[in-house]
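Just so it is clear, A, B and C label the chains in written order, and each chain counts residues from 1 on its own.
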Amino acid sequence: MRAREPDADGYVDRGGVKLHWARAADAVLDATGTDRAVLVSLSMGAMWALWLMANRPERVLGSVFIGASVPLGPGYDDRQQPFEEPYTSTEGWARYNRHYWLDHDRDFLGFFFSRCFTEPHSTKPVADSVGWGLETSPEVLIAESHAPWPEEATLRGWGAAGRCPVLVVHGDDDRISPLRRGAALAEASGGALVVLEGAGHIPLARDPVKVNLLLREFVEGLPARSGP
Amino acid sequence: MTLTITAGREQTRARYPDEHGHVERDGVRLFWERYGDGEPTILLLPTWEIVHSRFWKGQIPYLARHTRVVTFDPRGNGRSDRPQGFEAYRRREFAADALAVLDAAGVDRAVVVTWCDMGEALILAAEHPERVAGLVFIGPSLRLDEPDHGQYPFDADPGTGEGWAKETRGYWLRDWPGYVEFFFAQCLTEPHSTKQIEDCVGWAGDTDMETILDGFRGWETKIIDPVEVAALCPRVRCPVLVIHGTEDAQVGPSVGAALADELGGRLVLLEGAGHAPHARDPVKVNQMVASFAGIGPAPAPRTWTRALRRPRRALYLSSPIGLGHARRDLAIAQELRALVPGLEIDWLAQDPVTRVLEAEGERIHPASAWLANESTHIERESAEHDLHAFQAIRRMDEILVANFMVFHDVVREQPYDLWVGDEAWELDYFLHENPEQKRAAYAWLTDFVGWLPMPDGGDREAFLTADYNAEMIEHIARFPRLRDRAVFVGNPDDIVADRFGPGLPPIREWVEGHYDFAGYVTGFDPAGVGDREELRRRLGYRPDEQVCVVTVGGSGVGGHLLRRVIAAYPEAGRLVPGLRMVVVAGPRIDPASLPVHDGLEVHAYVHGLYQHLAASDLAVVQGGLTTCMELTAAGRPFLYFPLAHHFEQNFHVHHRLRRYNAGRRMDFATATPEVIAAAIAQEIGRPVDYRPVETDGAARAARLLAELL
Amino acid sequence: MTTRATSERRRPPEQTRARHPDAEGFVERGGVRVFWERHGDGEPTLLLLPAWSIIHSRQWKAQVPYLARRYRVLTFDGRGNGRSDRPAGAGAYDDGQYVADALAVLDATGTRRAVLVGLSRGGRWAVELAAARPERVLGAALIDPALPFMAPLPREQGYPFEEELDSTEGWAKFNRHYWLREYRDFLEFFASQAFSEPHSTKQIEDMVGWGLETSPETLVATQLGAQPASREEVEAVLRRVRCPVLVVHGDGDRVRPHAVGAAVAELTGGALVTVEGGGHCPQARHPVRINLLLREFVESLGGMAR
């Protein structure tokens, strides 16, 4: 597998904000001849969805956030670990460290996804996710991590500027992004909140039936889609 | 300028301001108040200065719970100054006053709410858009067509003092109070508006006729003219809501509609409402204002729980026809909890069942409030001691479907492990008609099976009951597992000997093949009642008293029986020395509606009535199963009067009581007070020889249910 | 000449309703008064249309309490029964009159736009209203719609209406002379055809009771009112309907065969839901299913309904 060289200009917007995927989404809509769409985002995809809602409102019919990972209010304390310095521990979130990623890529992925899937009997989704994680490289992840997150105020502004219906789905056992951030996002965007009790960070994989039904209900409740 | 103090006459407020003050503008001091905190601020404007800020009293406490609310008294009333001269009372002045108040209260922008706007709100929103986040008009008098001339020119002398002729200068000078009364009666045309009218008249009394006269020369100069309205409307940028009553006798709803149209705003017409819906329908107006402003309690986030995380939960439906089901269901529920620790039970129930449940601390599902009332229906279907139970159920079809839909809404949102229906006809029937709606284990309980025709119903009734029975049999045959459990509250011998109908199976044989038997469920342990003498002591019955308890259970149908027995009381008292008659009216009959006699005791609802029955020397009751069986279990003599045309009481209950050798059946139609008195004398205190009633019914039923959890 | 509703005297006591209206009134059009009721005040508004005047607005009794908890529900008695007037003369019962009455009820209740729900003939009127006044109609749910020319009628229905007939069996009872002679017997027959499902005694009783609230003369007049004259005319109207359409039709419908509903769905571009084993009036015989279908339909109209 060819590793892509990190290219700061290519991955990071001039404004220094993680916007590349937002713009990519825009481009994908164009490439597929899609006028407007309902956005569904997981984890940090929330930021790109928010950017689109605020900056491309005419393209967004509605937005569903699953396990939104957005810096609206504090995250988890145990994630505040040094990232750039060489690691001094290999326990817990100390593994969220660029050097550890380069040294122990697979182990980090296994750890990270075990934190995403805290539900019992989740071996298959964890295995799937680790497999997908191995399809990229630690270098790419490091490069991506260099781009700073948008500021809280910016995100709130995007949330408030959005004009489409919003649904926030969040597990109350999400160890990556606490439920309170999902609640804050619902409030900032004027959206509805559905709490999944006992669910972790990626309920679309671990409780797919429920998430499917919620998505369908949301889409069918939207104002009339394309048409005369 | 004089300042009128209004303190001392005002009724207690529901909410007092958190801040208040005066602000002076152009030499006129305006009194303002601020309640609550939060955004957006709601500014409740004054209207015609004949009333002051208290007219918003229905809105302030509610809105202030959620956000910041500012009010102020108009120049000319309340605690604001009374400047002189017509120009001082131009609506433009009021608009400027509003701005001054916003500044003084430290408010940048507000949602402005106005009643009967005569221009001040429109001016404010058009000329100061940066201060106005939204605009709510209630009954606005801003016209786009002709100016409002009123019925008579203000300076005219119509020669009469009737109706709108009171709105003339001459009349005001003669009889100002008369005009004020008349005017507000036109604002509040809805029936039963006396308090609102009184309030307005009182607020008018806080100012004086001279001040109002100063600022009034007729409506065409009081309200800004249509040309100005048309010029201002296009400059309004904010969202607009117009609320107008269809019966508004001051300003017709077409005015509000035209204004909404012109402003591109939303129009809500309140049917049947008059000119002051904020006063007469405050809940509705409050909700609309809150919704428009985007305030109010945030909708509770919906929750879904992963399967293995869920506690065991049961939804229990208990038929409200009489109180019998509630007692036995409570007993079963308690036994069930003992067998399944941690089991949570929600009840979907209505009056009178809810009274029994609430007294025992049970949780009533909030959706119960949506249930259409069955007891009221049953009472309406009844005549004098006569209830055609089968027809009453047939004519309850829309109530049953409405209540099934409520059930459906509940279980759609909330997963349960078990649904229990004790004679919950709506649940059983519509589940069998819509089996795909089954999403939990389902247990059905009943104490009778088989609709039976009354003899005087002829062929038609025989056909109908057979048809209903056949449908039930077909349902069960087609969907044998829909009922995970069917529990017969009783024993096989309690079942009548009839067939379901011509060509249909014998009832007993069919029930034995399709039901489990729990034995009778008393709802209490007769042994727990304790020693009878001790019990009587506790209840205040003396040993030498012959206590006769008269009750019709939870029914609203028993009034006639109570009256007939009360009529027998004097003669019974002569025949039975030491007779003490205690009449219990029950939760649905007003004891005050019953005749009064010396020595006769009449009570309303008695919780734990079974104790009084167990302590009595004789009970006089209707023919309902539960009360009769309580008496049978307690070994007490009793007279029972089945309701005419009530197949269940006449056939099923009677058959069961015969098996227990219990009670003496009476015929209401031929039971005169003399006959009743004689029967009382014969039966009271008589030793009886009843078959014992099993005491483990609740436990057995609960075991049958627990297996499903 | 108009007859005011005489039902106040003749009406047997109505069974207890599960829900009583929040508002009611009359709207008068051309001297004919039409009685309406409103239940609930949610959004959007649903207008439950009348059907053939053999019945009246109580036909919706199993729908109103459920729908009114969520939406604003309007019903009205079609001219010729209930508390509405019974004008004389066939012209008073043209399709156009019922459509205009529906519009008048919308206007009188200050309703800008509504979702129409129509059963049988009411389905026809819903289609005409949706085609003529699309700006007033959010969507149309048609239950066993009775549109002429869409499919061959069952052979057993092939009796002329106006002639004196020799037979009095079966659909020969659907005849003006028979109605004037044996009105009740006709009602029993028609109701048993409408409710072909077993164990429909209560629904049949209800229909007969409502039929007895009007007179055979009035019912004859309703049969003689103007209707579409040709298949082309009907197809043109159906194709003009732009709003979302749901058609629900019983495949056991003995009054109007399932093929009618299927044709209506196709020509309006609407969805078709078949009630297997269902007769002509599933809203009464299968109320839970119909309630859920209507709710799903209204919810699918989404925010456009606001």
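One rule holds in what follows: contacts are C-beta pairs under 8 Å (C-beta built on N, C-alpha and C of every residue); 3 or more make two chains touch, one makes a residue touch a chain.
Note that the coordinates shown come from a computational prediction; the quantities given were computed from them, not determined experimentally.
Under the stated contact rule, the graph of chain-to-chain touches is complete, every pair of chains being in contact.
C-beta contact counts were set side by side for A-C and A-B; A-B has more.
The central chain here, found by comparing per-chain C-alpha centres with the mean of all protein C-alpha atoms, is B.
For the pair chain B and chain C, the distance between mean C-alpha positions equals 33 Å. Centre-to-centre spacing of chain A and chain C amounts to 52 Å, using the average Cα coordinate of each chain. Rounded to whole angstrom units, the spacing between the C-alpha centres of chain A and chain B is 47. Annotation for chain A: no residues touch 2 or more other chains. Partner chain A is touched in their complex by these residues of chain C: 242, 299-304, 306. In the complex of the two chains, the chain A residues touching chain B come out as 119-120, 183, 186-187, 192-199, 207, 210. Those residues of chain A whose C-beta lies close enough to touch chain C in the complex are 165, 220-224, 228. Partner chain B is touched in their complex by these residues of chain C: 15-19, 22-23, 38, 61-62, 65-66, 69, 109-110, 198-199, 201-202, 286-289, 291-292.
Those residues of chain B that touch chain C in the complex are listed here as 246, 253, 257, 267, 269, 271-272, 370, 372, 376-377, 380-381, 394-399, 401-405, 408-409, 430, 433-434, 437, 463-464, 467-468, 470-471, 474.
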